[in-house]
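Below, subunit A partners subunit B and then partners subunit C, in two separate complexes.
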Partner chain A sequence: MIRLFSVREKQKKDAAAAANGKTVKQSAGELRLQKDISELDLPKNVSIRFPNGNDKIMNFEITLKPDEGLYKGGAFLFTFAVPTGYPHDPPKVKCVTKVYHPNIDLEGNICLNILREDWKPVLSISAIVYGLTYLFLSPNADDPLNKEAAAMMQQSPAQFERVVSQSVARGCSIGGEFFPAARGDRSG
Partner chain B sequence: MELEGRWRDLDYLLNRQGNVVGPGFEPGPEIREFLQSDCRVLVVGAGGLGCELLKDLALSGFGCIDVIDMDTIDVSNLNRQFLFRMQDVGQSKANIAAQRIMQRISGVKVTPHHCMIQEKTLDFYEQFHVIVLGLDSLEARRYMNSVACSFLEYDEDGQPDLATVKPMIDGGTEGFKGHARVLIPGITPCFECTLWLFPPQTKFPLCTLAETPRSPAHCIEYAKIILWPKERPDDTFDADCEEHMRWMYDKALARASEFGIQGVTYQLTQGVVKNIIPAIASTNAIVAAQCTLEALKLVTMCSSGLNNYMMYSGTDGVYTLTTPYERDDKCPICSAGVSFDAAPSTTLQELIDMLMKDPDLGKHLSAPSVSYGSTNLYMRGALEQQTRPNLEKPISELVDGDGSVIHINDRQLVAAMKVRLKFGPSNGEMDS
Partner chain C sequence: MTFEVRIKKWHAVASWTWNAGDDVCGICRMPFDGCPPDGKYPGDDSPVVWGICTHAFHLQCINRWLQSQTEQKCPFCRRQWEFKQAVVGGEDESEDGAGT
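Moving on to the complex of A and B:
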């Protein structure tokens, strides 16, 4: 334990802390996100964009172009909103390109465990990008967010494959809902 | 008029030597004088813990207290936030709390600040000798941590400069459990050093919420996460707005009846949406008492302080455990960082080269990125192309001047490293 205050000498104001008028420059969450971003080496089929400029990184967009699997040929846009509580709290991620996928609903909510129940502060943006890539490679009908898509995937995989590739490539209606071609724009 | 014997117990502590006094403690009446007239304490939060803290601090001799809270009084606060009455509902917690303390305890000045902690500048926080936190969110704690640590400077030997140390006492309660901890930046761990102490909030898988809800909480979360953005995309949900909460409750109730789930109530909806764990008045009282005692010890040195974290559990009897947590010497928020000499004309590329060649720093670096606050000066990875032009610029153009702190990131570092730039003379000046 140290003696911080000398009562007898009163407190002499220290000029060193030049605090005039400033607020805290940066949240600890942003400081950690800078580390993530500086280490984020994206595979060729993934790109990132910072719509508010290089110095406002808490909101950004990721475009994923699956190079394998059912969704190959499509481009899907995700918005990332990183809270100041990062990495204690996970980023909020939405898929804003409308997609027929068992784990993504029509509002763009994504059922990916590391975005919610299995998020841990040691994880990073990179881990989420890999998680999303995997989700498009291997949709999981056991944890459905789009029940109809999950049911079709399980009961008639051939039909599921057909409608997915059709919706991704040219756009089509599935069960009364129109899915425009997946060109990486906001269509949700 | 002073009540006779009002300060008797405090004077026992402050006017006598003892075996457990802190370093340099010299008993005498000036200490109480300092406490009552000069010492400035800030209480952050005027909720359950904050009410207790204000009362305890005022009764313990702290004469000049500030309190900051952005909230207004809700009827559900009244059972434990004892400074508030029915007629205060809707008013500022900070204002009413300050008023009540001054009405009941003579000789104390409480200055309220009804605003967000982020609205105050560093000057505001700088004036306090000690900051006591009565908060319920990690986010607010981390913010206050950045504030307290932003004043911290280290001397040449890497020892914290005591004039820049802004101590904080943190109290926290959740139901029957609570903690009190002493944060002395540069000396005891800060929140970021021990972030792992805060367990992540339990979250339900989205697919469970959407397809197989089993509990009332699942129905409420569904209304909040899925239905609100879908049905009211243009409204930002405000947990303090009754209409919003009522909407949430109605939707959750409908969802519950659809799945035959019992137990969705308005109160539970509030609890789940705001992530409230029922507050227990006695836990607040115990934790606040400990925090106040630590504040008193810290400013008077009448006893050595808590080292440095006390957890309390009231679930099975009364149990406390004190743990001396250790600092993380790589902590990007409170660690000393390093000073580095560079002429203002040095380009960013030259600076990076110099850092990598430095015998001490260089061994931690393989491909460094540099940022200055929110400004990303040179980032590898996702922003490499966009930030590359900065490499040619002199650092004097990129930072605010001598003593600016930049952050270095590298895969080999667990967290950002702080580097304080010392602008030596530029090369040209050295020649002349």
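Moving on to the complex of A and C:
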């Protein structure tokens, strides 16, 4: 899913980065993030966008289009806010496309271990993208943020599957809450 | 709040990439013979340190991480972090200026 860059490729990039390294004064967190982004090798179902311009990298958006699993066919927009303490502090990630998912609540908060207690400064934006991809491939009902979704997933998996694919493709109401079709925009 | 992600498996691949003769600090991703983003000069100002697990970081980088944690663990392998003498570390590269 994620092709890790080769060492040689990376060394070339490092050399290039070092060559034009003395441009604008950047914070340590920004420098590290810049490396993450230059090394980012996104699969074709994931895209990145810098809404504030390419020089304002601390806030960006990732769109994920799951190519397998229950959420296939949908497009989900995530906002990343990278703190100046990065990589010691993890980025704050939200799913702003409203989604019926046991590990994502209606405000777009995401329950993913590496965004919280299991974050380590050797992780990177790639690791988070991988984690998000995995989350949409394998929702986990054991530790839910959306308890109703988790309960349905456990008790009537067939119904859960039906409801998810319908909400993703066309939009539908689930338990009185409307989930618009997942087109990768802000609906949460 | 734990979500089971197969990140361990991925992590093994990632650490292999970063350690395969790559003289870059895993935290700041700056070369070991350069300096971390908060250091002014390479060399004495930015020593490279090893843990007993053989993972290496800039002193500033690992210190900052350890200070933010209640448990002192290596950010790569999660083993207990204990400083190891740089000269007997697992890396065979000499770090320019770090030991002078």
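In the analysis below, the second predicted complex is superposed on the first by the 164 of 188 C-alpha atoms of A that agree within 3 Å, B and C clash if a C-alpha of one lies under 4 Å from a C-alpha of the other, contacts with A are read in each partner's own complex, and residues count from 1 in each chain.
Throughout what follows, contacts are C-beta pairs under 8 Å (C-beta built on N, C-alpha and C of every residue); 3 or more make two chains touch, one makes a residue touch a chain.
As the structure is a prediction and not an experimental result, all values here were calculated from the model.
Visitor: Between subunit B (first) and subunit C (second), which, if any, makes contact with A:L31: first, second, both or neither?
Guide: both
Visitor: For A:N54 in the superposed arrangement: first (subunit B), second (subunit C), both or neither?
Guide: A:N54 contacts subunit B only, not subunit C.
Visitor: Considering only touches as defined above, state whether A:H88 meets subunit B (first), subunit C (second), both or neither.
Guide: In the superposition, A:H88 touches subunit B and subunit C alike.
Visitor: After the superposition on A, what does A:R116 contact: first (subunit B), second (subunit C), both or neither?
Guide: both
Visitor: Return first, second, both or neither, reflecting whether A:Y134 touches subunit B, subunit C, both chains, or no partner chain.
Guide: second
Visitor: Report for A:Q159: first if it touches subunit B alone, second if subunit C alone, otherwise both or neither.
Guide: It touches nothing on subunit B or subunit C.
Visitor: In the superposed model, does subunit B or subunit C contact more residues of subunit A?
Guide: B
Visitor: State whether A:N103 touches subunit B only (first), subunit C only (second), both chains, or neither.
Guide: It touches subunit B and subunit C both.
Visitor: Both subunit B and subunit C contact which residues of subunit A?
Guide: Touching subunit B in the first complex and subunit C in the second, residues 2, 4-5, 7, 10-11, 14, 27-28, 31-32, 35, 88, 103, 111, 113, 116-117, 120-121, 143 of subunit A appear in both lists.
Visitor: Within their complex, state which residues of subunit B touch subunit A.
Guide: Against subunit A, subunit B makes touches at 22-26, 30-31, 34, 38-39, 118, 120-123, 125-126, 129, 138-139, 142-143, 145-147, 150-151, 153, 161-165, 167, 184, 187, 192, 195-196, 198, 200-207, 210-211, 225-226, 229-230, 298-301, 304-305, 307, 332-333, 369, 371, 373-376, 379-383, 386-387, 407, 409-411, 413, 415-416.
Visitor: Where on subunit C does subunit A make contact in their complex?
Guide: Interface residues on subunit C, with respect to subunit A: 1-7, 10, 13-15, 17-18, 20-22, 24, 26-31, 34, 36-38, 61, 64-65, 68, 75-76, 78.
Visitor: State the interface residues of subunit A toward subunit C in the complex, per the touch definition above.
Guide: Within the complex, subunit A touches subunit C at residues 2, 4-5, 7, 10-11, 14, 18, 27-28, 31-32, 35-36, 87-88, 103, 111-114, 116-118, 120-122, 127, 130-131, 134-135, 140, 142-143.
Visitor: Note which residues of subunit A are touching subunit B in the complex, please.
Guide: 1-8, 10-12, 14, 16-17, 19-32, 34-35, 37-42, 48, 50, 54-57, 83-85, 88-89, 103, 105, 107, 109-111, 113, 115-117, 119-121, 143-145, 147
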